[in-house]
Structures are given as C-alpha cells and as structure tokens.
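In the two complexes below, subunit A is the common chain; its partner is subunit B in one and subunit C in the other.
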Partner chain A sequence: MSLSQQQVAQAREQAQRVPRMKGTLRWRNELVGFGFVLPFLIAYALFLLWPVLLGLRMSLYNWNLAGGGTSAFLGLGNYQELFADANFWSALWHTILFTVLSTPFLVILALALALLINRTIPAKWLFRLAFFAPFVLPVTVVVLIWQWLFTPGFGLINSTLTAIGLPTVNWLTDPHVAMISVVVVTIWWTVGVNFLLYLAGLQQIPQDMYEAAAIDGAGAWSQILRITIPLLGRITTLIVILQVIASLQVFSQIYLLTTGGPDFVTRPVIQYIYETGFSSYRVGFASAASYVLFVLILVVTAGQFTLLQRQQRRGA
Partner chain B sequence: MDCEDILCRTSLEQRISRRKFLCNTALIAAGGLAAASCAAYPTSGATSTVPITYWNLFGGGDGVRMIQMQNDFVRSHPDIKLNAVTLAWGAPYYTKLAMSASGGRPPDVGISHITRMPAYAELGFLEPFDLDMLAKAGITPDNFLPEVWQRGQYKGKLYALPLDTHPFVTYYNIDICKKAGLLGPDGDLKLIQGPTALIDALKQVKQVTRNWGLANIGPWRLFSGLYGQLGGKILSPDAKELVLDNTKAEQALSFMADLILKSKVAFPSTDYAAAIALFASQKIGFLWNGEWEVTTFQAVPNFHFNMVPFPNIFGGNQTEGDSHSFILPRQTYPDPVRRAATFTFMSFMLKDSFTWAQGGHIPAYVPVATSDAYKKLKPQSNYAGAAKDVVVDPPAWFSGSGSDFETLADAVFGAVVLGQLTPAKGIQQFRARVQRMLDTPSPTSAT
Partner chain C sequence: MATQSIERVVHARETTATDQMKRKFTNSGIFAILLVLTILWLTPLAWALDTALKPESETTIFPLTWLSSHFTLQAFASTLSTSDLPRWYFNSILTSVVISLVTVVLASMAAYAFSRIPFRGRGVLFWIILAGIMIPGQVLIVPLFALMQSFGFVDTYQGIILPQIASPFAVFIFKQFFDGIPRDYDEAALMDGASRLRVYWQVLIPLARPAVATVAILTFVAAWNNFIWPFIVITDTKMMTIPVGLATVQTSYGIRYAQIMASALLGGLPAVIIFLFFQRQIVEGLAGGLKE
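Let's look at the complex of A and B:
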C-alpha cells in the first residue's frame, strides 16, 4: 500500500513545523547519548575492531601460537601459500557444498512446515514445539543423538534398513554419504527457527486477501504461489541471507560428527583454520585463511542482498 | 511563540531531566559495584588452603580411574585444594593447553602424551622439572625404566614426568573363544603367531559369533605396530626426512585391508564407539584397542574377557603405544607455594598409580609396577611386558598422540582398510601428506 502524494506532502510539512533544538541543549543531548553508548563502544573497539586489525597484521607474519615469529615478515607469503594449498580449496569447496545442499531445504522445508501448521488444526502448540525444540538443544546433544542413530550395524536407522531388507549404510564413514548425513542433522537441528519466522510472517498476511482470491476463483495452490510467497518476500530474503552466512561458517556439528572425515571429505574451511592455527601452531597462516573467508562471506552476502532487494522492488 | 512550542520545550526539558536521573543512577550503581568487588577480592595469602589447577584429557574408563585417584589425593591432603578439569582427548585438549601456556596463566600441572612434549618444550610452553625438588617429594630417576625416563627428556632436562605406558593390546571374549576352540588347557588363549594363524583363528570366531571375529580401533595404531614389527621407520631421527619403506608399509597395509575385505573377519568400520559397543555386547570375539577400556568392559555384567599383548604377526612383539606424563606449563607469575603443592600432587599420583593400573595402564613408577599387588592384578598385568616393545610416533613437531599426523594417517589408512584406496595408492597419499608437513616451515623454530 503506498501513500498518496498528498499524504506525503502533508507529512513533510508537519515535520518542518517541529522546532529544532537550540545549540547547547542539542550538544548536551548528544553528549549524554554518546555517554550511554560509550561502554559498549569501548568493548566493541577492544574486542572486535582491534582484534580484526591485529589479525590482519598477524596474517602478514609467520606468527606462531607461542607469540613468536613476529620477526619473520612474510608480506603476502601466507596468502600465496594459502592459494596454492589444495587442502584450503577443498575445505572451501566442502563449505560451499554444505551451504548449497542445506540452504534450499532449510528455506523450503521451513515454509512447507509453516504452511502446514498455519491452518486450523488441533494441538497447534504441540507441532510448533516439536519443530522448534531441536533448535534449543546444544550442538553436542544433537550430535550425540544422531551418532547413535547413525551407528553402523545396530543404530536405529541401519537396523530399520535391515528390517525392511535394504543394505546398511555407513552414514558417517562412507565418503559419499558423510556430507549428506551432516546436512540431515543440520536440517533437523535448525529448521525450527526458519519455521517460526515463516509462521510469524504467515500470520501477518491479512485473511481477506485469501477470501478475495477465493471469490475470484483461485485454488489453494495458486493462492500460495500468488499471495503467500510474494508477501513473504521480505522474510525469505532475511532467512536466505542469514542462512547462507551461518552455513558458510559451519564448524561444530561437522567437527563433532565426523571430525572433518572420512579422509577429510567433510572438513569445512573453519576446521581448516582451526587445525592450521591451533593444532599446527601457525596462527599467522590461519589468520590469512580467515580473512579470505571473511571477504568471501562479505562478497556473497552483498551480492545476495542487492539481488534480492532488486527482486523485491520489482515484485512490489 | 505559541502553546505548542512551550509544550515542546517543557517536554524536552523533562526528557533531559529524566535522562539526567538515569545517568546519575547508573554512575552510582557502577561505583557501588566497583567498591563492592574491590572489597570482596581475596588476597592470595589470606586463604589457608593452597589451590592448584590440574588439566587432563581422560574420559571414559580412564576418566573414572583418574577421578578416583584425585579423590584419594583430596582426602589425604586437606591443605591443598585441587581444581581438576577434564577436556576432550586430542586437539581440543592440546590446543587449549597451548593457548593457556601462551597466555601465561596455564594450569599448575597438566597431562601430556610424552610424544607431544618436545614440540611444546621447543615452543617454550613448558618448564623443566627441578630434580632436587622432585627428590624431596620422594621421586628419583631410578624409580623409572631408563627408556621411559629418557623419553621425558628434552635437551638434557626433564620436561615430562612419566605416569604410565599404554600399549595397543588384544582383548578377547573368553566364552566365544572357548566355543571356537582357541583356549588352551589352562583356560588362556593359545599363542597365535603369524598372519595365517591369526586369520584362521578369527574365521573360527566368526563362525561362532555369526558377525565378525574382530574389530580394530585406529588404523594408524594398527599400522604403526605392524610396520614396527617389520622393522620399518617413518621419519629420520632429526625429523627432516621421510624414510618410509614402501614394501614393508604395503605389506602391513595389505594385511590390514585383507582382514576386512578379503577374509572378511573384521568389522568394516573405523568407528570407535561402535567397535566398543560390539565387543561389550558380545557380538565379536576379539578387539584390538588401547588397554584403557578395561574399566568400561569390567562394568558390563556377565561379561568374561581377558587381555593379552598384541600378537606377533610379522616377526616381532612391537605394538603401538605412548606414555602419559605430567608436565609443568610455563607460568608468567610462578608461585613457589603452588609449585611445592604441585610436586606433592604429582608424587602422590605416582605412588597411587596402582589405582591407575587398575584402569589398564602399565605404571611407569617401578615400585608400583614390580609390586605384588600389581602382579596379581588380572588382566592388567598380562601385558606388562609390552612396555619395552612399545613403538611411539616418530618424533616431529606435527606428530604425537592426537596430532594432525595421526589424524591424516588415520584418514588415509582408514580409506585403505575400507577398500576406498588400494594399499599402494594409500602409501602414495600418506607420503605426499607427510612430505607436505615436513616442508611446512616449522612454527617451533620461529620462536
């Protein structure tokens, strides 16, 4: 719903009529405001901005975990070694593969669940609880549950497969299947939050839209396609962007489930950074890798944002 | 000006005065908090007990025993307050230990595998032991086997005080092996030597269990033992060259892969927890693992198992193993009172290592290892002789228990035993990866 030209002109006039604050009053006002923000600003500068700059400096030296190596200035040497390292590229590929595999499901499945639950069904609260509850669990609990489910031989999934006559699958130790297992665990764990966001969004769509469409003869499916999904555009943008940012930084569930294995086929780039920095003591090199990841996430997010915003504006 | 402006200004002034009120309240609250916290800060000399922090990486069966020993210590030393922390085995433990030592406020004492000690000592994370102080606490070099004491040395000083040696051993299910006819007249396992005898025995077990004969934990550990039995070495002593013997390595790997792929006597997975569960639920007859799970299996009701040294397959008794040891991380603010309490703690732990031996390990402290109580401890004392046949990881900054070297070896050899790589290809990959680690500029030399 866009405002009429007249309404906009009236609002502008009203805004101009409010008296602006006098000089000293305004300055005092701003100072006090700044004072309230200062504690957070100090913490932010100390623990976020300064380390970001320090880390960049670290990546230019052969800095080691003991704090030594500060005399070995490498310039872009770490970055050169990084780009020549096949392990880095495969770790990056695994992260991207994980993102590409999990994001569509996490968005579409969440929407499907929200659409299913947003009807008049009994015990709606039970379904909301069931779908959101996994998200509340910490990653170690989730991994523990799924490790038992995935256990080769007598785990729940494999014994079900055996019971119906299918061959068992080595969910976590077969290199072709390991990444899929990780994606399944992630979907089970995190679909809840997207589901809730979609549910909230669905409830904001006015019912009379659907009624009007029904009167015009639209079936349920075309109602979903033509009304629901376009009106959920903003939320979908938000969910997709947040999901991609989070997926590119995946680490804990992969590390706990497969330790990046078998044979490093599931190792994400953050695990690569962790191993080179902390297990191999080379924090300078690991810093270089983390800055490359940072730039990548920035580029991907910025690209996504502009693309989706453009789509949004065209659609609205 | 009209009423509207006056109203605006008044409300503005009200807003400021409310803000002023909040400001003042915040300042008073902050000041009060600071004053209170200053008053409550305890000075180190005011407490009557000496606090010491102790980090270890013992979970599972090990963890139970270590907690028992810690409780023994706390009961007998009420003047020392022990803060013990257990962290996950492997990288999660060693990275935290390194970071804390790098930060200057590490625990007073920690556990380290003796193979990880040289890298940490070179990085400057550790302090050498004062042997006089150790003697005053009742521990002297002649209380240890010379080869074990030697492993704790770095550049002529003692950096790691050995607690135990833990070899890779054979567990077997007595009932299943009896049905398979593998037990001798004395009820003990008949000696199995050589690859064919082993595979035959496992086939007989497989017939009894209808599952598999054996599960193996850790492809690297098995490879290390077999390759050691063939007399092969992996790195040159100065850790600069790869001296892997391809023929011997291929022989060891082929045998490992054969157990799963050709003879089909071994559980086709490298999953640690699954293998333990299979053995404990009596679905397999043999388990090759470190001796530390003995407590786990003893807790299973109606489960009769025994332990013997790893078999002689390729002409030697070598088996993979390592030693746990105490290390002193470097403190930025060393406290002599805490240091003395730490030595008391370590000395007590060594003397109490009979409890630790019950957890499966071979005690490094000779008075306990040669005691009657230990000799009577079955099945733990069955493999006490394996301590001298232990093959540890090749010495290098990237090697040792829980290191990247072991992770990559497990990854490659795991792929070989599961049939995803041929032994020849596996060795090629292993060589390539180890060579890359050798070519990486050593962070330890950059200090």
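Let's look at the complex of A and C:
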C-alpha cells in the first residue's frame, strides 16, 4: 500500500487537531494496546511463566504424577537428596563433557568452512547446501542414519576400516568411544547453523578494509588473522552463547543413539530428569534437578552476556 | 608521504602478476579441500539413499558395495503401506502448521502494540517477554507435562501445540521489523479513520511480509523437528509426530535396513524441501537474529 505525499500531509494536519480529544484517545490507547498484547501474554503466562513457577513449587514437594498434586512438603529435601546422588553428578558431568568436547569443533569448524566458502569459488550454493542440509533433518532421521553407519560388522564405517586394514571400533557400545561418537554425530548434524551465521557475519565486513590491507601488503592469511577474525568477535561470542545454551540441554540425539549407555557413560542431565520424572514418577525430585540445570544455564548465559557487553563497549 | 603511498601502489601493482598466480593456486587448493569435506558431509545421506534403494537381501552383504543387482523402490513402498508414517505425516503437518500460524499472529499482534501503541506498562511488559528468551525450553518438560495432564491434554493435538505457540523471540523479530517501517504509513491510515486492527492487518502485516515469512518458516521447521516435547506428551502411536514415530520403527522393523533408511529419508524429506524452497528466508532469518 502506498500513500501519496498529499495524503500524508493531510494526515499530519489532522494530527495537529487531535489534542482536543487527547484524554479519550489516551484511554483508548491503553485498552487497545493491552488488547493487542493480551493473546500473546496469556499463552506466554500459561505455557512459559507458569511452568517456571510450578516447577519451583513442585521441587519443594514430594510431588507425584499419579496423585496429581501436592502430597508432602519437603522444603529443600529434594535438593539435598539430589546433591547427595552420585548419578546426578555423573549425568551433570556428561552434559558438561559433551558441551566442552563439541563446542570448539562446532565453532572453529563452522568458522573455517565459512572462511573457505566466502572466497570466490564456483558452486558456492552447493557447498552451503551440503553443510547446512543435515541441520534441517529431524534428530530421529539423523540418528537412524548414523546408527546404520556405526553398525558393527557391516556398517559403512567399520567395513571401510576393515577394507583398509584397520581394526573395527564399537562406536556406540565401547564406553571410551560412545561420547566421541555422539559428538561426531552432533557436529555433522548442527555445524551448518553456525556456519551460516558466520557467512552472514562475513558479508557485513566492508570489502574496502581488505583492499586497504592488500595495498599495505597484507597477505591473505594475515588479513584473516588481523581483520576478519577480530571483526567476527561479537558474532563468535553470540555463537558460543547459543551453542553452550543448546549443548547444556542436550538430550535427544544421545537418548536415541545410546539411551545414555553403555553403562550410563553418556547419560546427560535432561535424561536423568526425564527418567526420574517419567519412569520413576518422582516429578518433584525431577523438578529439583530441572531447577539446578535451569540456574546453571542462567548463570552461564549471564556470564557470557556480560562478556559480550564488555566486548561491545570496547568496540564502540 | 604522498610519494610513499604512490610507491606502495606501484609496488602492489608489480606484484599482482605473481599474486594472481598464487591466488589461483590457493583457490584451487581451497576448492579441493572443500570438495573433500563436502563429499564427506554428504556420504551419510548418500549411503542412506543407496541402502534404501537396494533390495532388503543385499543391504548386509559382505564386502559392502554401493552397487546393487537391481535398485528398487520396494522399501519406500512397503514403508508407506505398512507403517503409520502417513498418519505421522498428517499429525506433523497439522501441528506444525497450526503452531506457526498461531505464533505469527500472537507475536505480530503483541509486537504491533509494543512498536506503535503507547500504553501504560509497555516497557515493563516488553522486558518481561524478552526475558523469556532466556528460559531454556527443555528444562520445563516436567512442570509442563504436569500442567498438560491437569488440563487433560496428554495424547492430544492441543497437548503438542499449546506449549509451542508463545515465542518471545518471534515478538522480538516482529518488533524490530515494525520499528523499521516509517510511521507515516500507519498514522495516515489511522487519521483516515481506520481502526487499529485494520491498520495492523492491512497496513503493517503486508509491509512486514519478510518478517512473517521468516518467523513462519523458522517456527514450522522447529515444530516439525521438535522431538522431546511430543515424545513426552504423546504415548499413543496414532498421535505421534514424525520424529517421535520414527524412533519406534527400528524396533518394529527388526533389522530391515532398507526399510529403516527409506522411512528415515521419507521423514526428513519435507524439511529438506522446505529448506530448498525458502533458503533465503531461513538464512536471512538466522542472520537477522544475530544483528542485535
């Protein structure tokens, strides 16, 4: 819809006559404005805020799914039991291990791919598609394909290893390897998002900065080190923040690949929460575990955002 | 100083010939590295397709081969006719479409008010909603399930849909976009006597089409791929979405690899098609989220 200059001018004129009815207009604005926000607000309060509060309340009770409510107030009892449970600590450790192992690859590989593809090469779109395509697949599809690749004996990976004379590996059942396999699958599945974000960031760097550097005799490598990477600093921080938040909530691919095994060595916190809540029906206890993870994620995020702000201030 | 810079330019010119050769060389090196990585990246998908096209009896022959005596669509056909996959498609399409439609409407309405209508508490409300971006979704599964249970929504479409419709991030994207549209357009329409609802629907939403597309597509793909929530709220096989349903095929098919790969590829197909069609919106949407 386009409006002529005249109409706009007319509207401005009319707008100047408005003050007379300012009182009613104000009152109407209050009502209409709130009316527009209300539908979202109801959904937001019911399905986001309320569960946050309900979870906190549940974590203080011996809450039970079958009874559908409060049975006995425990105070901090659930939390005490949680902190004394070695299984919780090991699940938390697996989540952190997963995050620490996967994040560097998911960031550095994504950056490397974006830098390589950002150069003028033919068939850019094909490369972009190849690295991003796995990300749009549902986790179950990814896992079904990789389980088939990892199959002992006649799986593609082990057959290839046998063909070139190397010993085969029990990718998902060897306790020393299972977590690495999970990380490999995760990198294949999700590196594409970070890669796209980096590509978008690279396009925002003005071309003349490179030209100026080239005239000053800077080679391609030193251009990357001195211009590109520093200018991508803010995006890198953001990618790391998003990555860490996502990784600390890891569940689906591990649960589907290994069910947390072998012998629980890959079981992440969310699976611990899922199992205590939905297999043992101890939802109060599971809520306490959820809250500990919630606070951990908030603290990590807040810390990273502080870092980001400091970075921005330095940049400004 | 002027002569110095001229010297530099001359110096730079002199080296361009060798530079160009060098660049050509590194570019083909980069191309080779990328090609290897790309092949590596596509191998799992290619192998899945290869397996799905083989007759079941040839999937586990040793030594493995990419070839087959006769490629066939048998695995796809029997997957579609014997499993609940068509039903899961229906469930996934229905819930994902409703989720993305409702998300777009709720978020854009709220964003319109935050961007255009001065009302008391606007700033505070906006911050409360923005803070919601920080709430990690997976952490809420236990209380959310208890809530859905008390509503009687376990094993229903409402149970899948409702917890996925309030997206603070979508409000944020719409607010950013509306803020970038000159106020003259909608103020003129208001002065002509149009109601706020008409201005929102007939002026701002058409102007914000790129934001609508971005939010709708990203929400659709996220809903389509969501595993953990439908996995928790659905136990009835008939009500499952594709990601949850597919998790059950492995056990029900035993070791029929061609059929498992066929169902995996069929399950992944819609998301890939959507990506191919809306590549630009998805990329811009992801990049736009980074800007502020």
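Rule of thumb we're sticking to: the second predicted complex is superposed on the first by the 277 of 316 C-alpha atoms of A that agree within 3 Å, B and C clash if a C-alpha of one lies under 4 Å from a C-alpha of the other, contacts with A are read in each partner's own complex, and residues count from 1 in each chain.
Definition applied: a residue touches a chain if its C-beta (ideal position, glycine included) is under 8 Å from a C-beta of that chain, and two chains touch if they have at least 3 such contacts.
None of the values given here were measured: they were computed from a predicted structure.
S.K.: After the subunit A overlay, clash or fit between subunit B and subunit C?
M.R.: Partners clash after overlay.
S.K.: Does the superposition put A:P175 against subunit B (first), subunit C (second), both, or neither?
M.R.: The first partner, subunit B, only.
S.K.: Which holds for A:I297: it touches subunit B only (first), subunit C only (second), both, or neither?
M.R.: Touch status of A:I297: second partner only.
S.K.: A:S280 contacts which: subunit B (first), subunit C (second), both, neither?
M.R.: first
S.K.: So, A:P152: does it touch subunit B (first), subunit C (second), both, or neither?
M.R.: first
S.K.: In the superposed arrangement, does A:F264 touch subunit B (first), subunit C (second), both or neither?
M.R.: first
S.K.: For A:L65, is the partner it touches subunit B (first), subunit C (second), both, or none of the two (neither)?
M.R.: Touch partners of A:L65: subunit B and subunit C.
S.K.: Could you figure out whether subunit B or subunit C reaches more residues of subunit A?
M.R.: Comparing subunit B with subunit C, the partner touching more subunit A residues is C.
S.K.: Which partner chains sit in contact with A:A130 here, subunit B, subunit C, both or neither? Use first/second/both/neither.
M.R.: The second partner, subunit C, only.
S.K.: Quick one: is A:N118 in contact with subunit B, with subunit C, with both, or with neither? Answer first, second, both or neither.
M.R.: After superposing on A, A:N118 lies clear of both subunit B and subunit C.
S.K.: First (subunit B), second (subunit C), both or neither: which does A:S252 touch?
M.R.: Touch status of A:S252: second partner only.
S.K.: Overlap the subunit B and subunit C contact sets on subunit A and report the shared residues.
M.R.: 29, 32, 35-36, 65, 68, 147, 153-154, 274, 278
S.K.: In their complex, what parts of subunit B are in touch with subunit A?
M.R.: 5, 8-9, 12, 16, 19-20, 23, 91, 94-95, 98-99, 101-102, 119, 123-125, 267-271, 273-274, 277-278, 283, 397-398, 403-404, 407-408, 410-412, 414-415, 418, 420, 440-441, 443-444, 446-447
S.K.: For the complex, give me every residue of subunit A touching subunit B.
M.R.: Residue list for subunit A touching subunit B: 18-19, 21, 25, 28-29, 32, 35-36, 62, 64-69, 72, 147, 151-154, 170, 172-173, 175, 259, 261-264, 274-275, 278-282.
S.K.: Using the touch rule from the top, collect the residues of subunit C that touch subunit A in their complex.
M.R.: These residues of subunit C touch subunit A: 8-9, 11-12, 23, 26-27, 30-31, 33-34, 37-38, 41-45, 47-48, 51, 60-64, 105-107, 109-110, 112-114, 117-122, 125, 129, 132, 134-147, 149-150, 162-163, 165-166, 168, 171, 184-185, 187-192, 196, 200, 202-203, 206-207, 221, 224-225, 227-228, 231-232, 242-244, 246-247, 249-250, 257, 260-261, 263-265, 267-268, 271-272, 274-276, 279, 283, 286-287, 290.
S.K.: So in the complex, the part of subunit A that touches subunit C is made up of which residues?
M.R.: Contact set of subunit A toward subunit C: 1, 3, 7-8, 10-11, 14-15, 29-37, 39-41, 43-44, 46-52, 54-55, 58, 63, 65, 68, 113, 116-117, 119-122, 126-127, 129-134, 136-141, 143-149, 153-154, 156, 159, 163, 188, 193, 196-197, 199-201, 214-217, 220, 235, 238, 245, 248-249, 251-252, 256, 270, 273-274, 277-278, 283, 286-287, 290-291, 293-294, 297-298, 301.
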